[in-house]
Structure formats: structure tokens, C-alpha cells
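First up is the structure itself, then whatever we jot down about it.
Here the chain labels run A, B, C and D in written order, and each chain numbers its own residues starting at 1.
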Amino acid sequence: MIDTNGQSRLDRVPVTTTVLKLSCPDRVGLLSRITTFFAHHGGNLLEVHQFADPIGSWFFTRIAIETETLALELPALRKAFAPLANDLEAEWSLRTNAEPQRMVVLVSKTGHCMADLFWRWRSKELPVEIPLVISNHEDFREMVEREGVEFRHIPIPDSGDRDEAFSRMLETCEAANPDLIVTARYMRVLPDFFCKAFSGRLINIHHSFLPAFEGANPYRRAYDRGVKLIGATCHYVTPDLDAGPIIEQVVERVEHFHLPEDLLRLGRDCERLALSRGIRYHVTDRVLIHGNRTVVFRD
Amino acid sequence: MIDTNGQSRLDRVPVTTTVLKLSCPDRVGLLSRITTFFAHHGGNLLEVHQFADPIGSWFFTRIAIETETLALELPALRKAFAPLANDLEAEWSLRTNAEPQRMVVLVSKTGHCMADLFWRWRSKELPVEIPLVISNHEDFREMVEREGVEFRHIPIPDSGDRDEAFSRMLETCEAANPDLIVTARYMRVLPDFFCKAFSGRLINIHHSFLPAFEGANPYRRAYDRGVKLIGATCHYVTPDLDAGPIIEQVVERVEHFHLPEDLLRLGRDCERLALSRGIRYHVTDRVLIHGNRTVVFRD
Amino acid sequence: MIDTNGQSRLDRVPVTTTVLKLSCPDRVGLLSRITTFFAHHGGNLLEVHQFADPIGSWFFTRIAIETETLALELPALRKAFAPLANDLEAEWSLRTNAEPQRMVVLVSKTGHCMADLFWRWRSKELPVEIPLVISNHEDFREMVEREGVEFRHIPIPDSGDRDEAFSRMLETCEAANPDLIVTARYMRVLPDFFCKAFSGRLINIHHSFLPAFEGANPYRRAYDRGVKLIGATCHYVTPDLDAGPIIEQVVERVEHFHLPEDLLRLGRDCERLALSRGIRYHVTDRVLIHGNRTVVFRD
Amino acid sequence: MIDTNGQSRLDRVPVTTTVLKLSCPDRVGLLSRITTFFAHHGGNLLEVHQFADPIGSWFFTRIAIETETLALELPALRKAFAPLANDLEAEWSLRTNAEPQRMVVLVSKTGHCMADLFWRWRSKELPVEIPLVISNHEDFREMVEREGVEFRHIPIPDSGDRDEAFSRMLETCEAANPDLIVTARYMRVLPDFFCKAFSGRLINIHHSFLPAFEGANPYRRAYDRGVKLIGATCHYVTPDLDAGPIIEQVVERVEHFHLPEDLLRLGRDCERLALSRGIRYHVTDRVLIHGNRTVVFRD
């Protein structure tokens, strides 16, 4: 169900970019030192984003450089940049977009988000590769395998010790060498050790505009509360349920005549949009996490 | 600061309408019986809204009738309608829009919502009359009196017994014979007896998209939580703080570079819109409350 | 790529409904006469919408009745209703939702809208059946046939006489006995005779917020004009290009850093939403056309 | 009708900033050279925005510097920066926000936008000063003068030679030494010589989502076209009517039951928001014009 022709006709010739993502304590002259470094190595800056947070006194930047203008290969560039980064006490990464990020999808019995991600992957809208889907149910095996993707069924017991199952899931994930794990309507609470193992690269879609309606059955609770808008939140998963850093939120107006099943229907569109956009920002190195907030240099 | 010319040029000649608002247990044939009643009395129906809630099995309707086509005057019409309403076990009202509703405004030190309501009143966008403003501070006396509106300063003690002050406020309100009390950024929690005295006609604007960030300092907490949208909620006040039936919600997208003071600024526009729209729906008899939900037949 | 489990769990047991759609010159007592007719035949009204247009003096209604409460079968009900409808000089239909509407899809080389419609059909979100896809290219044959849907390739010559090809397309459509034809990014202008043959049941998605950017290359022209929002419009097709009655519009904010290919990407989400919602309203008998405007009783 | 207390309580202590706005042909090393210049003069960068347009190969930047960290006073800083700017073939400005911009308002008989601007000015939300209002009608004299603002009535003849009147208006504007002229629902088409005299600092609010419904009566035409959304556009005025560079657009959904006067009502809220936001971006040096497009570094 894939269209690989439609979008690319109008796209310009893609350029390989090298992206610096960096955050550090704010001080005078930061941007000058960093851009001078890349100018020194011949880099043509395609996109520069910078944000100096005056409350936390923290500095964030994302710099996209035309790879072929750089005098150094990536490993050498990283090595050359390290002393400056150390001096700035920075958290940083330097990556190229030459390889799509590897994304493992976790799903239960609600498949609209996964189907949407598959479509955006296959149509090249989303620069990812999906090597593996893991589910606590068998329902989507056929659909996933038909896409040529490995499907692993790892049931989670309804009660008792779940750690064994989640440990197996963690090992299965790690074996796929993922850059990113996405819980695309995965209906089990993940244990702390799983959240921590993939800290900063585990993304969830929650079907409410957080922090409203954390936890189970948000649409039903939204209906009962009589809200006039519903929404979806794409966020990083932390051990605190539905309390991790928010990447993207999408809302939709509702009215008194919308029943809980209408909220589900309208909410699905919010979920698809919020999740696919959040993932897009993440895999294009546009999200920087600081504490419980995110800096998102949108495109 | 009023424009009484601009809007009316394109408005059609206003028609006096008589509005029925009714809710009752759902059953077969309700709308037929009600519309037949008005057809029998010659009423030309200008607008009919109906909603049958399949979950609560409850029926809601709002019917606007061209007053001059009705064979009976309002008191006689009410009397004629009462037996049918009783038979339906209905909660109902029959009103004309000939007289604007009387609205008392409560305010503290943040005046943008009050200023907006004044403007919409004076420009005839909002069919209300504002006979009285009450504040726990003196700040807005000059501004309010300049508009020819009575201003009453009723301070609320920071600690200790506040009931005496709120009792005086209740009496002052009642003396103004209000159809509606609006807390337009009034920064004191109202006691139960006050909320109950004006049940169903006491409207608040809360500066968050409820149920997120109930209580104090919602913008600061929204900033700290790192949400990607902020909002405002117009709702009826009940003894449960910020938990009453919601009439209208307005949201605005925010990004990482929006500081708490930016949220305040953007939020003011949300508040103005949500409050003025919520009031508009209320004073034009477009809101029906049922439990903690509202049916809003928007215009 | 289908999820038939996810949504239905929370849906209530579906009820077969019979829907009246009616428009006629406005006059006193209309709704009373119509609802009394159905009350007389035992019909339990699930949903009633009514709109009396004061400018055109025209009356519109949609009434959804619980089929099993009706004393008459559909053909008999239609026969019983006809005299009243004639008396009202009404345009009307009485249908049940027992059978999904048959929808033929026309597509060229851009497949995101078709893929979205397939997904909503298979997941039962959209109550339609898709028996046939027609394209002026071969690109989607495999994808369409994999879904078990007939695919017909009808090339349209770039220049010269196209009427023969379009006549064949018209016949092919008619042979599929469609309730609805959807041009889901079909990149050929349809001739008048085709538009007229399916008047009122031919729906297009245009990739701009009409009436801005009618015709070709709307995203590029939106970029050149420097607009701060883009959008998509779902509308009925008439012989006037992109000028038919609008059913639904969806917009998205854009900024200076969004290049034409970004507008395409963001626009795809607008198109999917506007088209699928417009189709939903149409196939659930929620759209009434009057002149060049639509009345849409949304759900 | 002003609240000078509400907002400032939560605002942090304001910092005087010096803002560079610059655009020039794109080339390698631009940002490095510019930020190094300011680092050299001790400037602490509070906010840096940069956009390199890959289609036009043009570079745009806005840099806000904490004034008191700069080693040079503004005139000396400008002098020091000039050689670099010349070398870059740049269009540029260096300003401080110490003085609010002077804004002249032109209005006809529709006052909601002007009233809104007055309120935002008086509440210090908008960093402007309004020394003068000019109108082709007398209607708002009292309201304007009550605010302590000079009011000038310059009637424009309905037919015949209007140049004399517009010349007088131009002189009156220039005498007020304005940084910005705003046509806040001014209902006369301005002549070319007036548009050119204030090129880049003449801002209009048009009551449609341009380019739809350029020219007169946009709401009525929106109603007749049956659009499902209306809007307002804030743009720079050029001799081409309603075709100048767009700064901001705001839209609102409408439905079939919204009559032309409802569009006017809902549109007023769009107009207020779009105009006040557009002005805010302009007076805080956040808008760079290039051809018929704008780069807006929003806050």
C-alpha cells in the first residue's frame, strides 16, 4: 500500500549532511567558537539552530553541514571536535544522514500507528529502517511479515513476574541494534530497567494531551470530564509513567455529540500525526533533551 | 475604545426570538411533541438543535422561535408549555432575547479579560449588560468607573475567616440582580456557599487546558512540564476547584523558546477567546448542563 | 497493513439506522410535520439535525432513525413518505446504512490518499466498499491487486482527443455500480460529460485551501506567494475546475524555512484528513448540497 | 480599559538588547564571521536566528545582544560593523529596544483592531508608542483623544482626485516621525506614492486568508463560496493591492450555519490576533523581507 513515486518528483536532489547536536552550560562566545571550528574545516552550514535558555542558563545548538564540503571524514571530524566539546562541558553528537536510523516497533492490538509508520517508511517520508516488530499478541504477524519485516511474539503475563519476558524483549531489541524503539500503542507498562536501557531513544505515543489523562483509558476519561478538545502526545519514555519529556502534541476539537468511540476515531488521527512527527524530529537529530523538557528545532 | 459602527452595517435586521432550552429523559416522539406544540401556537422556528445522548439516555433541545409569530405572550406561553414539560420530567426555560442578560464581573489584578468583555459589550457583540464589577483590589476602580459601571472593592483577608467578606460579596452580587456572575481572572478561591448560590450561572476562566494544571500557577507548571501547547478553559464553577462543567477551550502551540512570560502573553489571547465565547453561548441560551458535561449548541 | 481489532473493542454494538436527508423551501411547521410522520410509524430518532437558512429561505434536515423501531420496511416507508415530500417540494433520500456505499477510486501517481482510504476501509473506520481503482498509469496495479481490488489502467493521451478515453472510463465506472467516485490525486482534468454524469457523487481532494491556488501546482505557488498556512480542500467536482461545493478543509501552519518539498510533506497530512473526512460525511448522508454551498451535519 | 499590573508581575527584569537584522547572498562562513565580530566586542548573544534559503541562495540572520556587555556604544558599533556588512553586500540594521517604535494608525469606521492595539500598547504587551491616529471619518475622535492620542480627520473624496488628500496624509504621517504605519481596517486603497514612501514599514490587516478573496467584501465572498474556514492576513502594503509580503495569518473554522455576520464576528478575532502578532514581530525586528516573502523569527 505504498507510493514511492508521488513525493520524490518534486524533491530536490538530496544532499548528504553531517549534523552536530550539542548542549552545554551557556557562556559568551559559544556559537562563534563552534561555527569557526566548522568554517576552519571548510564546512558549508546548511541549517543552524541555536537556543540559549535564559532560565536554565543552558545552550543548545543543531548545525547541519554539507558533508562533501568538509575536509575531514566523520571519525576524524569527531576527534578534531572533541577538545572543544570537552572544554564546553558539552553533551554532543556528530552524525551523518547517510544511513537511515534503525527503528524497532512495539505494538499490541491497535495497529493504526504502526501502519502509518510503515507507510511513511516505505514512501521515504520518514528516513528510517524498520528491521523488527515485537508484539505481546500474534495479531499483526501476517501484516508485518507481508512487509518483509521480522515479527516476534513476546507474550507478557497478565499477572505475576513479567521481568523474564521483558528481559527477553530487551535482548531481542538489542540484537536488532536499534537507534530507536517506538511503542506504537503498546499496551503494557514497561519496567524501569527497560526504560533505562533505552533512555533517550525510547519514544511513546500517549492518547491524550498530557499531562491530562495520564495512564489508562484516556479517551473514556476525556469523555467523562466533558473536555472540548482531545489530543495525543509523543514523548520519551522514562520510568515515570507518561511523565517523560514531550516532543510533540496534536489536538482536535470535539463537541458534546462525540461519543467515546468518536473520540477514539478522531484521536487516531492525532496519534498518527504526533507520533510520526515526533519520530521525524528525533531521527533527524532535531530533538535535544534537557531535564524534563525538549528543545525541538522543527522542520 | 468602542466601535459601534463597524459591525452593524452588515448585520441583518435583528429579530426578537423566544428560546426554549429543555433537557429530559430520552424517549420516542419527543421532538415531534415539542415542535408540534410550537407549530400549534404559530411559532416560526428559526433554529432547532437537538441531541439525544445514547449513553445517558438523555434528550437536549434548544429551539429559537420568531417571537412575533407566536400567538401567546411569554407568560402565557410558559403556562401553556408547562403541562408538556411536566409530562416529560424536563428541566426547561423559555426566555426572549429582548433584554440583555445582566452580568456581574469579579476581577483581581489582571484585567485583560475584563477589558475584552467591556469591549464586546460596548460594541454590541456580546448581548449583555454589566451593572457591577467587584474586586478584592482597588486597581481597576478608575477604569471601571470611566465606563460608567459601578465598582465595589471587597477585600478578602489573606488568612483567617473569609466567610464574612464572601457573604458581603454574595449580598452585593444578589442586589445587582444578575443573570450571570463571571470570574474574569479573580484570584481567590470561592467558598462553597457562594458557588452553590449561583450554581449554573457562575462562569470562570482558567488559564490551562483543563484537566491539566488545575489550581495555581498553570503557566509556570506548563513551562516546567515542557508541554507543546497551552490553553484556557471556560467552565461553570462548582465547589470542586477547576472541576466544573467545561463550556469552551482554546489552545495555542508553544515551543521550547517560549519562556513563562511568553506563555502568559500567548495565554491571554486564549483566555479572552475562551471566556468571551463561553459567555456568549451561555447568555444566548446555548449551553445545557447535564452532570459534569455540557451540551453546547454553538453559533 | 490493517488493524481490525483495535477500534472495535470500545465501540458499542452498532445499530442499523435509516437516514432521511431532505431539503426544501423553508416554511412554518416543517420539522413538526416530518418528525410527526416518523413518530407515527414508531421510529425512534437517534439523531436529528436541522438547519433553516435565513438567507436562501431553505430548509435542510437529516434524521437518523433506529431501523428496527420502524413499522414499515424501507420501500414501504419511502412510499408512505413521498406525498409529504412532494407537498414540501423537497429533494430527499431515505437510505439505510445496512450496506456500505460502493466507492470507485481514480488515482494517478501520488498514492498517499488512496493508501489512507484503503486503510480506513479495511479497519472499518470508513463504511465503504472499494470494488475498483482506475488509473492513467500502471504504477499502483500491484498494490491495488494485493488488496483484492480490481485495477483498471485507462491511459489518457497527453494531447488530442481525450473524450474516447474518458468515455471508456465513464462506462467502466458505471459498470461498477458506484455510489461515489473519488479522485484521490487524479491528475487529469475531467471533461464536463464525466462531471455531469456523476454530479453530486464525484468527490475530489485539491491540495490548497480553496479558493486560493485553484488549478496546477498549488504548493509551489503557495511557496512563491509566501503564505503562512497551507491546506487541502475536499469538494464535489463540477465542470468548473476546483470551484464545486466544498465539504471539508484542513490547514497547517508553515514558516519561512519550509521549502516546497516540506509543503508537499505537510500537505499530504492535510489531504488525507480532508479527503477521508469529506468522504465520511458523504457516505453517512451528512452532506446536503444547495447551489454552491454544502450543509454538513458533522459527526 | 488598561491593566498595567497583571502581566508584569511574572515578567523577569527586562534587559536592554541590541538587535542585528541582516540579509545577504549566502556563502560559506557567514555566521562565523558575524558572531566572531560580536564576540570580539564582548557581546553576550541572547538570541540567534539564522536561515539560509537554499532556493534563493540568500542568508538571513537576527542576533539579539545584551546591550550592556558590548564594549561600544551603538553609533560606534554600527561604524565598526559597516565594513563587514559591506563586504557581505548585506542589507542590515542595528537597533536597540531602549526606545519603543512610533506607530501611526490609520482607521475608517471599524474600530476593533485599533482598540486592540491601544490595549496592547497600554498594557505594555506591545513595545510601541502611538502618537497619532488618522481617519477618513470623525467617528473615533472622542475615543482616540480620551486615550491622549492626537486624532486627525483627513477625508478622502469618494470620486475624483484623491491625490491631494493622500499627499496631506503622507505629510501628516511624516511629521509624526513614524517607524511604522498601520492600516487597522482603513477602507481606502492607498495610492502608489504613499505605499512607496513607507515601503517596508506600512502594515495592513486584510480580512481573508490571502491570496483568497483579495479586494473588497471578503467575508461575503467567503460565505458565497461556501468555504469551511475564514481568516485574516497581516502583510506589508505594496502598490499591488493585497499582494504584499505576508507576515502572519490566522484562520478559524466555520460551518454552514455561520451567516455573513457570524463570519464578521469570528473574523474580528482572527484580525486582532494576526495584526497584533504581525506588528509585534515587526517592531521587535523579527521580520526580514526578501522579494515577496518574509522570514519571521517568531517569539
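One rule holds for everything that comes next: a contact is a pair of C-beta atoms (placed from the backbone, for glycine too) under 8 Å apart; a residue touches a chain by one contact, two chains touch by 3 or more.
If you're wondering where the values come from, they're calculated on a predicted model, not measured in any experiment.
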| item | value |
| --- | --- |
| Both-way neighbours, i.e. chains that touch chain D and touch chain A | B, C |
| Pair joined by the larger number of C-beta contacts - B-C, A-B | A-B |
| Chain whose mean Cα position lies farthest from chain A | B |
| Separation of mean Cα positions, chain B and chain A [Å, integer] | 41 |
| Mean-CA-position distance for chain C and chain B (Å) | 37 |
| Per-residue overlap in chain D, given as positions that touch at least 2 other chains | 12, 47, 54, 257, 259-260 |
| Complex contact set, residues of chain A against chain D | 12, 28-33, 35-36, 38-39, 42-50, 52, 54, 69, 253 |
| Of chain D, residues touching chain B in the complex | 1-3, 5-7, 9-12, 47, 109-112, 114-115, 118-119, 123, 125, 139-140, 143, 146-147, 185, 219-220, 257-262, 264-265, 268-269, 273, 299 |
| Interface residues, chain D side, partner chain C - complex | 51, 53-55, 60, 209-213, 224-229, 231, 245-249, 251, 255-257, 259-260, 292-296, 298 |
